[in-house]
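What follows is chain A paired twice: with chain B in the first complex and chain C in the second.
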Partner chain A sequence: MSAPTLLIRDLKLGFRSYAGMLEVLHGISLHIAKGERVALVGESGSGKSVTARIVLGLIQSLRSARVSGLVEFEGRDLAKLSERERHALRGTRMSMIFQDPTSSLNPVYTIATQFHEVLLRGSPGISQAEARRRAVAALDDVAISEPERVLDSYPFQLSGGMNQRVMIAMALANEPSLLIADEPGTALDVTVQAQTLTLMRDLTERHHTAVLFISHNLGVVREFADRLYVIYKGRIVEQGPTAALFDDPRHPYTRALLQAVPRITGGGIPEIEDASEAYFAPLVVREGFGEPGRAG
Partner chain B sequence: MREPSRVTRPLLSLRSVSKTFTTAGRMVRAVDDVSFDVAKGECLAIVGESGSGKSTVAHMILGIYPQSAGEILLDGSLLPARRALIHRRAIQLVQQNPLSSLNPKRSIGASLRLALDVHGIGERSARWDRVGQLLEEVGLPADFRSRAPSTLSGGQRQRVAIARALACQSELVVLDEPTSALDVLVQARVLKLLNELRAQRGLTYVFITHDLSVVRNVATRVAVFEKGRLVELSPTETVFTNPKHPYTRRLIGAVPVVTAQEAELRGRLMEKSNASA
Partner chain C sequence: MNRTLAILLRNPLSLLGLALVALVVLSAISADFITPFPEHAGAVVDFANFNKAPEWPYIMGTDLVGRDLFTRIVYAYRISLILGVVVLAIAVPIGVTIGLVAGYFGGWVEYVLMRVTDVFLSIPPLVLAMSMMGVLEPTLTNGMIAVTAMWWPWYTRLVYNLARSEKEEGYVLAAEVIGASKAHVMFREILPNCVPSILTKMTLDLGFVILIASSLSFLGLGVQPPTPDLGSMVADGAKYLPDSWWLTVFPGLAILVAVFGFNLVGDALREILGAEQ
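This part shows the complex of A and B:
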């Protein structure tokens, strides 16, 4: 079996502060196989976004951060790579989509200029004309009907949904093997969010891109991911295939989380503890869905 | 569905209300000829996507800016464009983000007391105790009044914002996306609190939101807005089982769901939508 696209083992993260060490991640392990869509679900402050940032190598350079544990990308230990090698991976082999598309695009450059910059990362020396040709094709892929007009626009001239599609096109332009999506579409309307998800699903399937999908929205996760990890206060509490986990949540926290989501079929708002000792119960793993190279 | 408003006078009525904004020499019709009643004690949800005019409606009800045409009545009497103190007391607001709606430099208690001072509610000497009571009514300990907003969690802050709206003892509360900045577990508890307060005190809510699954569980009636127009207004049950307008069906069809039953309901509505298209 070839190495998984992403392998995280016993990852710990702490921040040094005036009051001593602030532990954020207490040893989390997860993996994503080639072309697999995996979600990391948790509430705010659970550590899901910092995990994504560690994979990108953005936390390690902070002076106050203490990171330990193994992060392997396509079989290479990220900690052993030089800053330069890690930089070379970003935007080419791995890329990221952020929550708010409009603020993650630069307002003073046209989409065409920004697209050129993205393509330069993957194909150094690419000409403007060639970049434009590829950008048109990429925008066409994300169902943008007038790619030429969009390329000559500034981000603020486009709608949120349009910007989100541009972001997706850019993120996939260099054919990365891992796409990290941090709450994509939460800033958008539901109808646009639904379209965005379908689009991301189709595209990543076609390009065999593995996805680490960070979200707090269980409904969105159910529709997008093959497998999921539930994270609570820096610990993974349950993992397994999406359908099984939604049908039969076994960890008290997962159960509470699922119960708390209001249903469109009605039934009122249930009585749920927002904090409980039971949520710290040990990890629940489904048979056959443990971490590679480990028992269970 | 109109019977209750005929028997008893509606608490709030909008009659042919419109709002046009002029930006860069262009006229934008944000709200277009909207009329509806809000009965005493109900929770009317106003749903729609961004740009549908739902927040503009809320702002006009609150008197933040006047309507361009039409009239708004509270308990049978016309609300003026410039609201007097008494009108401002009668309609209260809970905003989306409690971190920006509470003054960070002011203690929780001072923020709550301000409402009592402005409207001259209760004896001066008793107000500090009243602030403690208000906090207890929303499920927070009374000694939170000396704390700063930054020391509270999101859910606790939203409870403070609710307590502040209750301080004026108004009947009508406009809730503008009150739980969309909260985590689901916290959201469930805040929604539960809102439901209980409405039942206990006979409050009337105008609940602005884009989250239809929340609407299903708290609202008595739902008003669906699309591009400034009111396209559907029905009891909640009807909207979710037999929506009339295609836009409503599209909206429900896009909601991410967590159970098979929900997916089935959604599929059924979408089928109808395709059949009628």
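This part shows the complex of A and C:
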């Protein structure tokens, strides 16, 4: 069996502050096989986004951050790579999509210019014309009907949904093997969110891109992910295939999380305990879904 | 573009500003052709016509050695504009770069750079320029150096604040994520978003640089005779007020026209760039 696209083992993160060390991640482990779509679900502040940033190597360069544990990307230990080698992976082998697509695009450049810059990462020296041709094809893939017009537009002239699709096209333009989606489309309304999710799902399937999908929206996760990790206060509390986890949540926190979703049929906002000793119960792993080659 | 025109036309003050700036700039450029006595810009004496009240062909009168005041004012504009442009051309890149670096890097880099900037800002500008000119020889070049030294911190502070807020924008993070270098993020992502504010401040400042340079030469620390300068003309004429009023009034009005014009254009520019954001 080949190395998984992403392997995180016992990852700890702390921030050094005047008051001493502030532990944010208490040893989380997760893995994503090639082409697999994995979701990381948890409430605000549970450590979802910092995990993504560690994978991209953005946290390690902060002076106050203390990172320990193993992060392997395609079998290579990120901690052993030089800054230069890690830099080379970003934007080519791994890329990222953000919450708010409109602010993720620079307002002073046209889409064409920004697309060119993205493509330059993957194929240095690519010409304007060639970049434009590939951009048109990529925008076509994300169901943008007038790619030429969109390419000559500025981000603020396009709708949020359009920008989101442009972002997806850009993120996949260099054929990365890992796409990190940090709560994509949270800033968009639900119909647009649904469209872009379907698009992203189809595209990543076609390109065999592995996805680390970070979200607090359980409905979205259920539709999108093959496998699910539930994270609570810097600890993974439960993991397993999406369907099984939704049908039969075994960890107290997962159960609370699922109950917390307001029903479309009404019945008021559910009352859930904010914090409970039970939430710190040990990790629940489904049989056969542990890290490959390791017990558990 | 139509919107730009509409804003300009809606506000008569902007039009007045444009007209004044055009008057100043065009007269400075074509000084050799529109002035009746181009040679009077230098060390010429004509005692037969000294200290004359305005009358043809001396439309603004003559100074104490018989030189045409109108000619000298137009040539003084030329010097002032060159000084203003050179000062900004040096001060703005320095100030902008330091501000960008401080705002983007943060941490101790920001601390050191901004505290140094604060030191410069804490000294009253004219006092700083005066002390520099006191040490250096009072020439046009040194005048530029002195005014530049007091001008760049304002751009550092402006761009620093802009960069601080821009770096929180999503596109900065997005650029970092796809592996953009720090220089790329600073100069290609953040800087273009600061350009409207920088441009507006530059236009406003062109007037103020002329004012400060005139203040320096009014105090005898700027451009030296026989080079014509608005500030020193006012200073020379002030001794003969109120009898020879033209010696002071016309150079003074000339300063007013230039500063007022650039200010109005700066305001108009702020409105245009702000509206298009």
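As a convention for this text, the second predicted complex is superposed on the first by the 291 of 296 C-alpha atoms of A that agree within 3 Å, B and C clash if a C-alpha of one lies under 4 Å from a C-alpha of the other, contacts with A are read in each partner's own complex, and residues count from 1 in each chain.
In the analysis below, contacts are C-beta pairs under 8 Å (C-beta built on N, C-alpha and C of every residue); 3 or more make two chains touch, one makes a residue touch a chain.
The structure displayed is predicted, hence computed values, not measured ones.
Asks: Here chain A is shared; do chain B and chain C fit on it together or clash?
Replies: Aligned on chain A, chain B and chain C fit with no clash.
Asks: More residues of chain A are touched by which chain, chain B or chain C?
Replies: B
Asks: Rounded to a multiple of 10, tell me what angle the C-alpha centres of chain B and chain C make at the one for chain A, in degrees.
Replies: Approximately 80 degrees at the chain A centre.
Asks: With the two complexes superposed on chain A, say which partner A:V118 touches: chain B (first), chain C (second), both, or neither.
Replies: second
Asks: With the two structures laid over each other on chain A, which partner does A:S95 touch: chain B (first), chain C (second), both, or neither?
Replies: Touch partner of A:S95: chain C, not chain B.
Asks: May I ask you to decide whether A:G75 touches chain B, chain C, both, or neither, giving the answer as first, second, both or neither?
Replies: A:G75 sits against neither chain B nor chain C.
Asks: Go through the superposed model and pick first if A:S104 touches only chain B, second if only chain C, both, or neither.
Replies: second
Asks: So in the superposed three-chain picture, is A:G266 touching just chain B, just chain C, both, or none of them (first/second/both/neither)?
Replies: First partner only.
Asks: Just to confirm the value: shortest Cα separation between chain B and chain C in the superposed three-chain model, in whole Å.
Replies: It is 9 Å, taken between the nearest C-alpha atoms.
Asks: For the complex, which residues does chain A have touching chain B?
Replies: Residue positions touching the partner: 43-44, 160, 189-194, 216-220, 222-223, 246-247, 256-274.
Asks: Along chain B, where are the residues that touch chain A in the complex?
Replies: Checking each residue of chain B against chain A gives 49-50, 154-155, 183-189, 191-192, 195, 210-214, 216-218, 237, 240, 250-262, 265-266.
Asks: So in the complex, which bits of chain A are touching chain C?
Replies: 56, 58, 63, 87-92, 95-96, 98-100, 102-109, 117-118, 121
Asks: Which residues of chain C touch chain A once you look at their complex with the stated criterion?
Replies: Within the complex, chain C touches chain A at residues 107, 169-171, 173-180, 189, 192-193, 195.
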